[in-house]
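For clarity, chains are labelled A, B, C, D, E and F in written order, and residue numbers in each chain start from 1.
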């Protein structure tokens, strides 16, 4: 595997998370058909990296595309969307696909995304090679978004975070955990964490959603998530971190009261949907104490930010809600 | 088993479904604590009938109560709500319980209801004797209402209809089907039927929800359901019928374009929520060609209506949407 | 022509307008298919009366039906809706028809109604005999409701009142006047009267709409109209009267500040849409100083009320907004 | 003083509060101009009773009227609204007046009402004789409703309960306490009680408002108040009771979780605003252990209900939220 | 006539439509009183160009102004708004005027705009010389916006596209066609094209409106129009093209599924209303295969974009919805 | 006292109010914990200036902080929020504090702010030295915002402007005046000025609020205020000026129809809430005919603008609404 992309913290910067100075790494028109490329997921793959990318086309139809990179920064994204074959069921209609996440479990790469089946719900698929893709049963009834799998089974079962939603610009949203013995039937639904009271942490007071695949650290499962505040000029999406219990990840151990990253740069504040920072994936090296976060900016482009895992953990513990 | 309650169609009445002339059969204050008793479910039990009743108390807290009857008309309802023990999981918090359905499958009576777990979702429980009750895992993530089980397994799996909702006076709602191998994990979610276009059948144009437990007839599964129109003075709930495919009940074979019953009497038009007719259960005898429908009226009282099964089937086929 | 239906004012009643004591005159199930019959229009015809009736069927589809009566009270309504042939244009699609008005001008009976063409707008048709009906161009772009023709040309042109609306439970609405040289092209649109300020006349503060065909009296055009208030339990529809200038009916001369009739009886307060009184037609005899108003009640049935024209005029003048 | 109006509890009735069997005592057209008479206040006066009545006229303009009664049941209400003279300030514009309360303090009868000054706020006036009335400064900035004075000074200051609102069908509302040294300047605003959580007491989960003038009993200040639930067919208003601390009435000692009275009769369920029970005043005799509650029904008529003070107190304590 | 303003496509650009590199051509403060100048119309005039410009003043009052240019890029805009004289009727009140279009038909320049007459509707006027202006009857009842005339009569009648609206930030909107024999009375209203389903073409899924005056090409009438999507941060306005049938322009032959231009530059994404691209006019030369589009940006400034007519036509045909 | 900060009008600028060319003067991260610093108040203090600053932290909790400056441009802001001691009452809970104003009256600096007490209301406090701070009774019941004290007593009483609001993104808002004899009890509430009709001055048509402490000039009290328009992409906040009667400041003498400053620069158009200009304070010298306005930009940073008092007065008079 290649080293994960990395850039040291600037000398005058004291933030826990800092941005890549060449952001955005993927521009809105990186493939010929695209209106925007954002909210996308990457994983180590072979000697480099692979990913699944949300590319809205110029009719603003949402679909997911495979892509490959040697360095995690420069990406070759397929010009055609992923064509799924039937996985653990006959093919399910899909009006649209967006906001993918990718997780390697046991022997394959699992992909979850927001799947259009009479409204948004969680689609599931897998691939072994990022060439052939197989689509499984949707995890849940509509309406749902932001389905994120844990990278290993918990108590012998697959585990997924998700956010029950409605069919529009959902003005509410909490994170739940569900289990499955077989990636087909899901149950044991538990509420994990809720939007925060306005007076406690307003940046995450309207809704929250799981972001990156959880990373197992000594303190539990470390995950980056997004939180939303409804201002008088629309929703603003920022990023925080949470540490869930290793054995019962429905239990929150620590959760950032302050945000780690909020929309402040022109590419985060200007675009198809201004004021959006939306993390969907990380690359990390616990040995090197590094995490690189991939996030969508302004629902238009893809950007990168960096942090030291140990600092993020300490910050999350010390500034817990 | 006793004969099901019955009253012949009045001579001057040509309706497919006609009301009991002593309606309502259960008044709002039938037990000391109750503000209203409605949207309740009954089944044959021993030599008479048993049921699970929604009784809101005078603090307007919603809970479900067991009850018994010799004739299906006069009911003794317990004064205390059902106290569940843990079933296939540890006990789950339940902020409220309402709109129960009861189905006998294999060896026990299964109960589903709208369960308050961070909003409405489908609670599941069972009993063998209507004395001891056991609560299982919730079937779905919130938000959901009107979970109705099929009275036998389909292709070896339990099957449930439900209506994804939101956390309030949901202004939308379609009926879905889900399967479970074990009453714990659910999947294979399919859209069954949607609210009708306004110009096709306005009484069911805002939302629909499963009502009574489906009855297996030669033509498939016969079910009574409710449909809602949003008038300029609020929602109006009426009742129709649908016949689903026996082997793949996600397929609608016939569905009434006209309503079978709409709010027209004072006890349906006046009460805590005016203009509501809401079926939750039937007693039926295919041999005698009779079906007796139990329905909530005005969210306040419980009423009964009658029909001949063969006539309902023919009407549903001939007046299909 | 037969005498118009009439009943004297009860001895203990001092109201300007009083109800028929056998109301409702047309029940909701007066024809086999009907869910409700209301908001309907009548005219003298041959030696009796004819009318066009809004009958919603039990699928709650809205259509208009012809009917005949000897006495104006007992009506024979066709069991099939009016089948229009092409009038001054090729046939226009009509998703639904409701709330008809009928006016005799020159040589034929003109019918206007709310016509479903990509939303509600004003449909126009005519008949010579209430057997053959011809449909013309819609008067206006959507969205519009309550189109009422004047019974004679004004300044050589047809004149119509209407209420621009939107595609739902419109929470606003004012009455406008438009002219046409040919019943095909319409222009010279003028605002006639607006919903009243809440503090001046709250029963008509949310929206108003033309009701009956204007009657030419010495003081101008006398018309009954409906006004709506939005209470915390939905819209309430009441009836007032207005006198428009004979030569320029865009000018309001007098308009009742108090209502003439508001929903107070069980058949007005209970039904598919509670608390609705909605006038659509009158029969009148200036010689006898009588006017008989036909109005829909609770969007469910048709009712009748009576008044002396001179008293209505005096009341309108003395209690003008 | 005459005895307060009273009727014993029916033999088969076990309710804490029971209705007068001749309700409503004041019909909607009790004076010539009135559309409705409701939400009105009464006090002992001379050898009988006097009151201030909300009479909406047939233009549905809201105003308050004086009235007198020998027995508290049969009322003579003035045909003209109260004409105020300037009290502790120059005259303030008043677009409308509604929902009065009356309290005798020290030497005069104080009247509070919802006063239209750029939206609803609390108007204050006084009278010595119910003939001459004087209007003072409004207590608060808009928007406010349901201002109720305590019948004696507390810690040397006048004390008033009120409910901050907005300018419409306010979907929220809690009860606050404010003090004034002089009935002109108000401060020391404290939150007293809030709408209840839905799962605790749904009949009062949307908004609450002070109702009758508090009665000093051994346990503190006993007050009847209204609570509102927002159903899918509009707001429903019911009545509960609360006991506030005698010396610091911002402290709630006991508050009914169940309602004491909810809309159940035709005159409470049918009318201009269906499903409203709204208490505004009591007559009481502690010696006789009697309280007679005057309440508006369906925003249309005035009704009476009865209870034993000791029973109400015990019920409030035993069923406290 | 001077050559139309033009700039060749940059070498590295493959878009069908490309922007002027000196955009915006008219800044927000181009005349002393203006807050913003946008959504404006231009035509060839004498040896150069004339136009009608929407200039909102610093009180944000909307009005239209005449302007002149030699090259179509540098404009002299009058400092006073257009003063209309009476045209085919007495003068009509106009609370505001905005979003003008200009079309030469037969002998004069016709101007349409959004005219404030009890809400927005379509105003009509004409001029021969851009000095004297005459105002005619409004085309339609309120509420309407984006009225665009065809540049020649069709079947002997004037033809106009428009979009029925409501009185606010209309969240719906389809394009209709109407005819008039005389520019005074309008009829034969036909629905032309509707907002697209979200899954087909989301950028135009909320509402659409006619933009520039249609250009007659071999394939029919080519028009640029705007489409709107409602994001969680407000409306975003983009531009597409449509080809209507030459003889029956109510028939859509081809319509772009992808947008041609969407807000991406700072002057389109930042301003009084961010994320707006709004075409109102073109200059074109079929001989030279050039079209220059004038569009408002961010409701603040005026910008220009270019294309080859043949390419636009081919793109529209090949990417038709 | 030091001279107030000042910068001459640029040569090519003809505006009444011009911006500081080094704006913003206080950046969002000027103290370690801050997410944003804006809507803040300054006064002359000792030989320089002091102020109270709204600093939202990175959990987006709102609080107010003291700060000091020699030149009014470079500020040292405390890193901890102001800790209040009890003033004229026991301590009142405060869920949050924002949008402070500061006024010197008689012997101390009075601070008002939006105080979270069951929703926003007006908090009052004072200090003599900007080190010790004392909190008094809230002025009003919730919901209220933008409380601004006059810098001297009027007719022997304290006078405060405020804006009754609701508990969210209030879509309405007018300015009222209230008086107090003692800074504890408030009354004599008068409506001062309302949002302007859309057609008269749209930038201030949705809501308005008092901004800076009024300055006494020959013509009366000169105040800068904010006005808001609700665009289809959210609220836009601009600034105007008003002159109130010296002796009865509930009377408006002159009020700008055009805005004086609207969001046009990147730091006003991009940030946590785009398109906000929000004045909270001025420094002024009547002798030098200078006023320096401090305003929040985009709810993110603090900026400065300048004007000549005499020009502002003349402009306000000549362009009065």
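Quick note on the criterion: a residue touches a chain if its C-beta (ideal position, glycine included) is under 8 Å from a C-beta of that chain, and two chains touch if they have at least 3 such contacts.
The chain lineup, named per UniProt: A, B, C, D, E, F = Glycosidase.
Everything numeric here is computed off the predicted structure, so don't read it as measured data.
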Check: Shared touching chains for chain D and chain E?
Finding: C, F
Check: Which neighbours do chain A and chain C have in common?
Finding: B, E
Check: Among the chains, which has its CA centre at the largest distance from chain C's?
Finding: A
Notebook entry, point to check: Can you spot which of D-F, B-C or C-E is a repeat of the A-E interface, where more than half the contact pairs line up?
Noted result: B-C
Note to self: Going by the touch criterion at the top, tell me which pair is linked by more C-beta contacts: C-E or B-D.
What the structure shows: C-E
Next item on the list: Answer with same or different: of all residue numbers used at the interface between chain B and chain C, are over half used by both copies?
Entry: different
Margin query: Taking the mean of the CA coordinates per chain, how far is chain C from chain F in Å?
Written below: 55
Next item on the list: Please compute the C-alpha centroid of chain C, do the same for chain D, then give the distance between them in whole Å.
Entry: 41
Item checked: chain C: positions in contact with at least two other chains -> 233-234, 270, 274-275
Notebook entry, point to check: Is the way these chains touch best called a line, a ring, a star, complete, or other?
Noted result: other
Note to self: Per the touch rule above, enumerate the chain pairs that touch, sorted by label.
What the structure shows: A-B, A-E, A-F, B-C, B-D, C-D, C-E, D-F, E-F
Notebook entry, point to check: How about chain D: which of its residues touch chain C in the complex?
Noted result: 28, 32, 35, 56-62, 95-96, 116, 169, 233-235, 270-275, 299
Note to self: Taking the touch rule as given, give the residues of chain F at its contact with chain D in the complex, in rising order.
What the structure shows: 89, 117-119, 121, 137-144, 162, 164, 166-167, 172, 174, 176, 178-182, 184-189, 191, 194
Check: Within the complex, which stretch of chain A touches chain F?
Finding: 14, 199-203, 229-234, 236, 257-259, 262, 264, 266, 269-270, 274-275
